[in-house]
Amino acid sequence: MGLSSPDPASVFAAIGPGWQAPVERLLARQGLRRALTPRDAGILLVAGDMPGTAAEALSRVHDQLPHPRVTLRWTIAEETADAVAERIAATWRDLRAGEADESDHLPDQPPNEWKGVGPHGQGGKGMMGGTPYGRTMAMTGEDIRDGLQLDRYTARIGPFAPMLPPGLVLEVTLQGDVIVAASVQSPPFAQPADADAPELCAARMLTLLGLDEPARRSIRGRRPSGFWVRGAVPRDLGRIKDAGNARDRLAAFLAGDSPAVAATDLSELLPGLEWSEAMLVLASFPPSSILRAAPIPEAA
Amino acid sequence: MIVLLALAVLGTLGLGAVLVVAMDGRIAQLAGQFARQRIETEAPDRLNRDLAPVWYLALAAAGLSVVPFAPGHALLDSPVGIVIWGTCEALTIVTVFLHGWAPNAPFPLIGAYRYVAIALPVMLPSMFVLIAAALPAESLSLLAIVESQREIWNVARQPLGLPLFAIVVLTLTLRGPMDFADAADIATGTSADESGSARALWEVARAAMLVSASALAATVFFGGPLGPALPGPVWLWIKTAALVAAFAWLGRRIARTTPSRMLTILWVVLLPLSFLHLAISGVIAL
Amino acid sequence: MTDLLVTLLAAFTVWTGWRVFRVDSMVRASFSLMLSFIAVGGIGVLLSAPYIGVATVFMMAVEMMVMAIFMVMFMMNPAGLNPMSMVHQHRFSIGAGVVAALGLGAAVLLSSPPSNPVLSDADVVAELGHELLGPSMLIFETAGVTLLATMVGAVILSSRQGRFGNADEGSRPPGLSPDGEPAGRKPDNGGEGHHHHGGHG
Amino acid sequence: MTLTIILLGAAALIGIGLYGALSQQSFVMLMMGLELMLNGALLAIIGFWSLSLGGMPEGQLLAIIVMAVMAIEMAIGFALIVAVYRKRQADMTESIGTLKQ
């Protein structure tokens, strides 16, 4: 600690089917740091074989990393975590010495044509509406919390967003911080049972509670320490019939067991929650039960 | 004397910020970040994006400039020193909001909104605590507040003050349980679309604000430069360093609840508590 | 020296005040207004009114933060991505503004107020405190009670809950007899039951 | 001299504020005009108090009252905006023409 602590390699993880547990364990090691946004990372770690549907998103994430950046792939199950950590460390050294970089995969241009109306694209009626660059301007809509009809914002989040299970693409409509509608565009990647390990589940929740160091300790199999850990999860959050609420599940994870829970359909579970509450609820389910709760969209 | 005090303010802020970053074990990390590319978002508010970290640093410096480094000597010897500090707190909220507003991206904006919703009610306990500290001194000047603690420190006289002010400090420096602006569930919130030097500068400014806020807490609750044998500035530095360590430790250890729940706690628990604190302090000061 | 600074700050407060209505971004408009207030606060500090000056900055930082939030909430297109000007009776307003400014300016130039500057060794903050809790206590307390009433009124006005149900659904009192017609006045079409006394502003 | 400059600045602020209050269609912008006029008043009060009234304490009191008026104007103004918006989804002055009786 202190002045001598080295610069940890900051890695943004794009986790493919079956690789959640190995990657989470890898990035909890000393000398590695899991970036919460691609902007904060130098290395993009692509773990596993990505399905074709995620290819474009992967390219987009790649381009979001600031220069200098390097992509590393971890696709062979035989390659040990030690070997990958070694590779990352070597790459990070090159990166810091300015000896490695990659150029953009996609052209740096708006994802869609200009579809606005008028010289400034404001389109719609008056100064509202319109779809400049294919992104719809926010329009007002029913508010489920307090009835004040303010603007809604719809966005697609995933499949590599670090607060969501890997692979899950959600289309959420937000009004302020409140989710008013959510639909699963693409279900999370299937993960084997080791991703349900209680220490990993606990770490996911601890990260959301702002306890980074305890989260790393938890992954490394040690007791996470912190004040007000269970109490910080609101009591009635994510209550499921016969399976308690998010706070109970966190307590179970911390006590070392991974309860089998059947999560309900996400498009019914999430609306009405604030974004941070929704993320806590999602993290309180083991990946296997999220997979069961996210129906595959029909012919999307 | 003025030059000396100005040097003391800048030196404390600079060295203190380095110390804070070192305590988080992130010196090399931030140094590395300064070398990386700074990303441009689509249609940002460039002026405010560039100004936000500068404002943050300037506010930390302005806040520290009212702190007396020796009994009777502060760079900004104002009769309303404590109100000046309160103003720096209020402007910090504006700065963090602008930091989230400027990139023109959803997660930073959510972070900015959340932070304003949480930080505005935090201002109320902050004001009550600071006014309570001014009561025994019968003055809004920090010099007088230091003098009033010659016999007994405010931390003993007003036991609720320091815990309430700790919440204010954590809010102002975006740390731990009060870091609603740069939280993990919104991909580091107001910083989510920043990279390279912009990101590193923001971290430095946060560290500087922690130094400034801890120095103020040391002045208001621990008698600032008062102490036996050693000269005033040394005592202030010792107390500030101890408080910096304490606040940073608390920030790492306390879990962060959801914004709406924190809002309820702030209005329903902490606001009446700070009322009570002010009333008790007032009665004692009589 | 003070004169020069005061002149610069006065020019700055007018310029930022003007920018409020010229920028496209609502956030910039609010914070332009905040800068205008900060400059006035600075003039206060320079003219030996430290408490008033600093308190102005403090109050206005908080107020303009709230203002910015409301701006973004209610304005279409608040980010200034598109140019925006939403004005009516524009010429009349310009005329009124110019006439007001010129009239007041002329009055300033033609009158000669007495020169009686505040003493440099006066403890103005303590004087203010003694005034507030001494001779003018009634005024001060009235302001306090008014602020309290404002808080209550603002919460009632902005809350969704009406007396007989949600405000946005046109709340009606219950019937006088079971299953009877709702009591009270029957709403007209359109702007039913909407009588704010004094209107806006 | 200083007083003249300050008062001229205050006159300009009041003029700009009046222009804003009369011309803006959006409630929030309209309130900014009102605030700007109060800002001018505050500036004039500070100038008079400091340079012409010999620092009599009532001058400071007046400045505090002006600040309280601003706070009240903001709170009630925004509450009314919210109430009107809830009812009509309107945030422009023209859209509440039916309030005229």
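When the chains are written out, they are named A, B, C and D in that same order, and each has its own residue count from 1.
Here, a residue touches a chain if its C-beta (ideal position, glycine included) is under 8 Å from a C-beta of that chain, and two chains touch if they have at least 3 such contacts.
These figures come from a predicted structure and were not determined experimentally.
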item	value
Closest chain to the centre of mass proxy, which here is the mean CA position	B
Pair joined by more contacting C-beta pairs (A-D or B-C)	B-C
Chain centre separation in whole Å, for chain D relative to chain A (CA means)	46
Centre-of-Cα separation between chain C and chain B, whole angstrom	28
Chain centre separation in whole Å, for chain D relative to chain C (CA means)	5
Approximate Å spacing (C-alpha centroids) for the pair chain B, chain D	32
Two or more partner chains touched - positions in chain C	51, 55, 66, 74, 81, 86, 160, 167-168
Shared-contact residues (touching 2 or more other chains) in chain B	113
Overlap residues in chain D, where contacts from two or more other chains coincide	82, 85-86
Residue numbers on chain C that touch chain D, as the complex places them	2-3, 6-7, 10-11, 13-14, 17-18, 20-21, 26, 29-30, 33, 36-37, 40, 43-44, 47-49, 51-53, 55-56, 59, 63, 66-67, 70-71, 74-75, 86-90, 92-94, 96-105, 107-109, 113-119, 122, 124, 127-128, 130-132, 136, 139-140, 143, 146-147, 150-151, 153-158, 160, 167-168, 190-191, 194-196, 199-201
Interface residues, chain A side, partner chain D - complex	140, 147-149
Chain D - residues contacting chain A, complex	82, 85-86, 89
Touching residues (chain side chain A, partner chain B) in the complex	1-3, 5-8, 10, 33, 36-37, 39-40, 42, 64, 66-68, 96, 110, 153, 155, 161-163, 174, 176-177, 206-213, 225-229, 231-234, 237, 274-277, 279-280
Chain C - residues contacting chain A, complex	73-74, 76-77, 81-84, 86, 160, 166-168
